[in-house]
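We call the chains A, B, C and D, going by the order they appear; numbering starts again at 1 in every chain.
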Amino acid sequence: MSNKKRKTRGVIEGHTKALATGFRYLVEPNRMTLDYPAETIKLPSNYRGFFTVDDKKCIGCSMCEMVCPPEAITMVPRVVSSGGNTVPADQETSTGAKPAKKTKRPVVNWGRCIFCYFCFDICPVDAFISSPVHDLSFYDDADYRPTYEKYLKLPEEPYKDSKKVTSKPDLKRGIKYEPAP
Amino acid sequence: MALLPLIIWLIEDLLYVIVFPGLVVIMIIVIFLIYLERKIAAKVQMRFGPLWVSKKIGGALQSIADLMRFSFQEFILPNGSDSLAFLMAPGLMFSFALLPLIFIPVGPYYTSLFPSGLTILFSIALITITPIYAIIVGWSSDNKFSFIGSLREAFLLISYEIPLLLSVVAMIIIYKTLDYLPAVAFQEVHSLPGIIINPIAALVFIIVAIRSTGRFPFDITEADSELVMGLFTEYSALFFGIGMATPYIELYIMSLIFSLLFLGGWWPISSHSAGLIGGLFLPGVAVIMKAFIVMAILVFLRSVYPRYRLDQAVRSGWDKIIYLSIIAVLVSIVEAIVI
Amino acid sequence: MLINDPDIIKESQVKEDEKRGIVEILVHDVQSLKTVAQRLNAIGFDHCVSVTGIDLKGKIAVIWHLSSYSKNELKGKVIQLRIDMELNVQIDTAMPKNFRAPMVSVPSLVNIWESALFHEREAHEMFGIDFQGHPDLRPILLSDDFYGKWPMRKDFTFDKSDIKIE
Amino acid sequence: MILKLNEGVFNIEDVANLELSGDRQIELQIGPSHPGSGHMRIKVTLDGDIITRVDPDIGFVHRTSEWLSERREFIKAIPIVERIMLPDTVHANLSYILALEKILDIEPPPRAQYLRSLAAEINRITSHLYGIGIFGIFLGSSTVYMWAFGDREPFIDLMEALTGARITNSYIVPGGVRWEMPKGFKEKAESTLQYMEKRLNDYNDIWAKNPVVEARTINVGVISSLDAIKLGIVGPNLRASGVDFDTRKDSPYAAYSQLDFEIPKMENGDSYDRLLIRIEEIKQSMRIIRQILKDIPDGKIIADGIYSQLNPVMKKVYEQNQRAMFPAFFLNMRPPSGESTARVEAGRGEIFFYLNTDGNKYPNRFRWVTPSFRNLPFFTKVAVGHRLADLPTIYGSIDYFPPEADR
């Protein structure tokens, strides 16, 4: 057992400094908490939140399905809306809609997705569209697996009427939240 | 009509015991103190603290919401527990924690109630009973963590009893009385609070107060990283709430005694003022304000200190605090002779 | 060459691949494993980084990864002490049915590297390597009902009905 | 028998003489649901207040990361290893990619190396702050817990700006990194570092030099350098015992061979030293981050071999958004058969990776050892002979993280 003497503060100095530091924080304005959900952060544009796919760009190559680590992406037959009617891809021609070249599209099971964005990076045509929406939950289990049409629409941001703030590094509080421009 | 004064006397004294500074005030103070403790800690820790219950007034109703929750929670009686002791102990602990209050005057009006002349002795004696019920709480739970917690309580109880008594004895030697009223009058006559007359005794008393109410850094019986919830591991519902409130009541009573013995009692209000307002209410407000400031300082320690180990606390009790308290007594003797 | 001790070279086959960070000492014979290990310890490989197995279909390769804290010239190196073992331990018929996958038996090196204690426990439950002389071969990461199934082997299958997908 | 009551620490020899049977002994099951255990069970046998035996029962959060990774494509192992070490994701990611790159024979360009070191050092700071916070709450100091977790936030914000995710970054891929440093990152990082420097003084006052903390930690959980070597302790815990070993210096990876930094070392090997060394390492990490921000070379963030495989759309994305996409090669990777090892100094210690491939789509053997698993002997060897209240001290001081140990 080592018993080397080391430099420690005296008991009185130690207690005084500890109490003084505590007291300083008690009187100083220093709060770093975000008053979520009354305030929400405007996230950087590269934030990895909920995402969707650009229907026009996608070529249906299934690379995203193959690379998806949690196997959240499944390829479904494409459904297009023509004249207000939603029809599966194989019925497109019969209803007079323009036939699509490729008939498969990715749909994400949000219950499994881990937001690694591997699908974004493997996509040969860069067809995925990101969004910073992240604080979302679903009402029941089926909602985690949207249909393709539902999936195409990006989920709406919750807490729309909350105050939007941006986080900035601050020398006093670490993070300071300022109203977003 | 000899009945009317009797009725007035009854009402006034019931008021005294039940409302002021009795149960009602204690309730309000404990509820507000818990809120204050959480808010102080939150401020030091750079966060909000309780907020979303009654957001407009800064979450001040949080403690009441907690009380409601405890009241309506399901109570669980563990299988192996000694059920009688398990059910009785928290209540007894709570009521014995309240008992010293009847011997603590918060104004000169008090003379008419208990002219015993031994109030300091009684109140200190009653304070030392509460931990025994705490030990029963831990023992009856049939849980190893509670059991260890009650053993720790017993160790600490023994090692801090003597310093508590000695620090009070030090003040008794100076005031030459066993009653609070002459003690306060003494401080008023000499216009010196006890904390200046004998600061060592005040220091010892405050350390013992921290210890016996389980404030940090002596939060040893409830050390949650070792003993889950300490004594109250098996408790739930209102019994748990009572158990949690007891240390705060103890803290309130210790702070009252501290402000009477060391902070000049109801100074600056004269001891000669009489009547319900002048003799009870205004002095009471002064005492309770002082006690509240003491309590606020003691709960602030939570945000500065971690906790000591059991053996360190026991050792410092027998090693340092007891010598400090003996020194305090010696200082008092010297002062008493000189003055 | 990192390993040039004649005793070790005699008992084993040394392969070095600087770029991939591999120095492999493939011991030919179980009998000489302890001698080689003791020589390595004497050279300065003072602690065990990992113990693992590789399923070679019918054979199990047992690998001890070793490194050094105390010798400056060895500090950045990891060597692997490897021995390929046939599945050789006969099954105790007294054991329940699902406990019957054959094991391999190698001497435990805990006496030489105390740091191998938990790693050998893990390799035992994952691969069914019976470390002779290990003081405590209870399962460590897996629950008791997995004991004897040696899940890290290639032929391990689990009952899919136990697992709820989606 | 009479135990020495001087320092609160007892010799192991004294404890060995205690009778280990009979009514004197009481067994405590600390965990798996206990405020002071984490996701594990610690079976503690007590004699009075003295611990006579500790049996850590781990595996409650074993997530079969090796098994899963051996049945998946190589690229899909990145999220798996990350999720094992949540406070330390970049290091887990980096160690796996280093092992994989050695087999694939890819060398990332210098800028990517620097970015890897940058992410790793930011991550080291968050990991140490996490450890300090947990140690704080184990000793009962809720302030340090809140402070440390609050101060992780600016650094996690930095990671968010760099990678788009707070914790599970998946930032490092074979051949480089996925995103370029965003605009304004340097200024943001610099003010965060200045804030942290200021805060470390307050940590000193309220935590490291607090007399109560000193009383609780000094000479508690002492492990000598010889014992630390024998038991194979890793990371800051090893260096607190006075053993001079850090993978960043002794077998450099990423950009560490070009960076100037020191490895803090302590002498006594007790809990207090393990507490101090983490604060010192935060200081060194901040020094490294400053250097990286100053010296970072220009160039590609992904190896030429990977870049040339990108299709024209991906190349355009790379030029416009500075985002390195994946060539199809990542998905269909069939590395040549062989084996490789990699070591990375994570926040809690050294991660060791052993990868064995046989030319197939999936790894043949995917073995990794996390630092917490190698710090397990602290429970069985060091905690014995201390008081029950010292168990959280030792647990907190070694920064043990059960999900990481269980893999």
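We adopt the following convention: a contact is a pair of C-beta atoms (placed from the backbone, for glycine too) under 8 Å apart; a residue touches a chain by one contact, two chains touch by 3 or more.
Fair warning: this is a prediction, and the values are worked out from it, not measured in the lab.
Enquirer: Chains shared as neighbours by subunit A and subunit C?
Expert: D
Enquirer: I'd like the most central chain, judged by C-alpha centroids against the all-protein C-alpha centroid.
Expert: D
Enquirer: Which two chains does the highest number of contacting C-beta pairs join?
Expert: Chains A-D share more contact pairs than any other pair.
Enquirer: So how far apart, in whole Å, are subunit C and subunit D when each is placed at the average of its C-alpha atoms?
Expert: Result: the chain centres lie 25 Å from each other.
Enquirer: Subunit A to subunit B: how many Å between their CA centres?
Expert: Whole-Å distance between the two chain centres: 51.
Enquirer: List the centre-to-centre spacing of subunit B and subunit D in whole Å, with centres computed as mean CA coordinates.
Expert: 45
Enquirer: Where in subunit C do residues touch two or more other chains at once?
Expert: As it turns out, subunit C has no residue touching two or more other chains.
Enquirer: Hey, what residues on subunit B touch two or more of the other chains?
Expert: In subunit B, the residues touching two or more other chains are 44-47, 303-305.
Enquirer: For subunit A, what residues touch not just one other chain but two or more?
Expert: Residues 18, 21-22, 25, 32, 174 of subunit A touch two or more partner chains.
Enquirer: In their complex, what parts of subunit B are in touch with subunit D?
Expert: 41, 44-47, 144-145, 148, 216-217, 219-220, 223-226, 228, 302-312, 315
Enquirer: Hey, which residues of subunit D end up touching subunit C in the complex?
Expert: 58-59, 62, 64, 66-67, 70, 102-103, 105, 228-232, 238, 243, 245, 247, 250-251, 338-343, 350, 352, 354, 356, 364-365, 367, 369, 373-374, 376-377, 406-407
Enquirer: Touching residues of subunit C toward subunit D in the complex: what are they?
Expert: Touch residues, subunit C against subunit D: 17, 19-22, 24, 46-50, 52, 54, 63, 65, 69-70, 75-78, 80, 113-119, 139-143, 151-152.
Enquirer: Within their complex, state which residues of subunit D touch subunit B.
Expert: Listed in rising order, the residues of subunit D that touch subunit B are 5, 8, 26, 28, 30, 34-36, 49, 136-144, 146-147, 150, 206, 210, 212-213, 215-216, 387-392, 396.
Enquirer: Mind listing the subunit A positions that touch subunit B in their complex?
Expert: These residues of subunit A touch subunit B: 18-19, 21-23, 25-26, 30-33, 35, 173-174.
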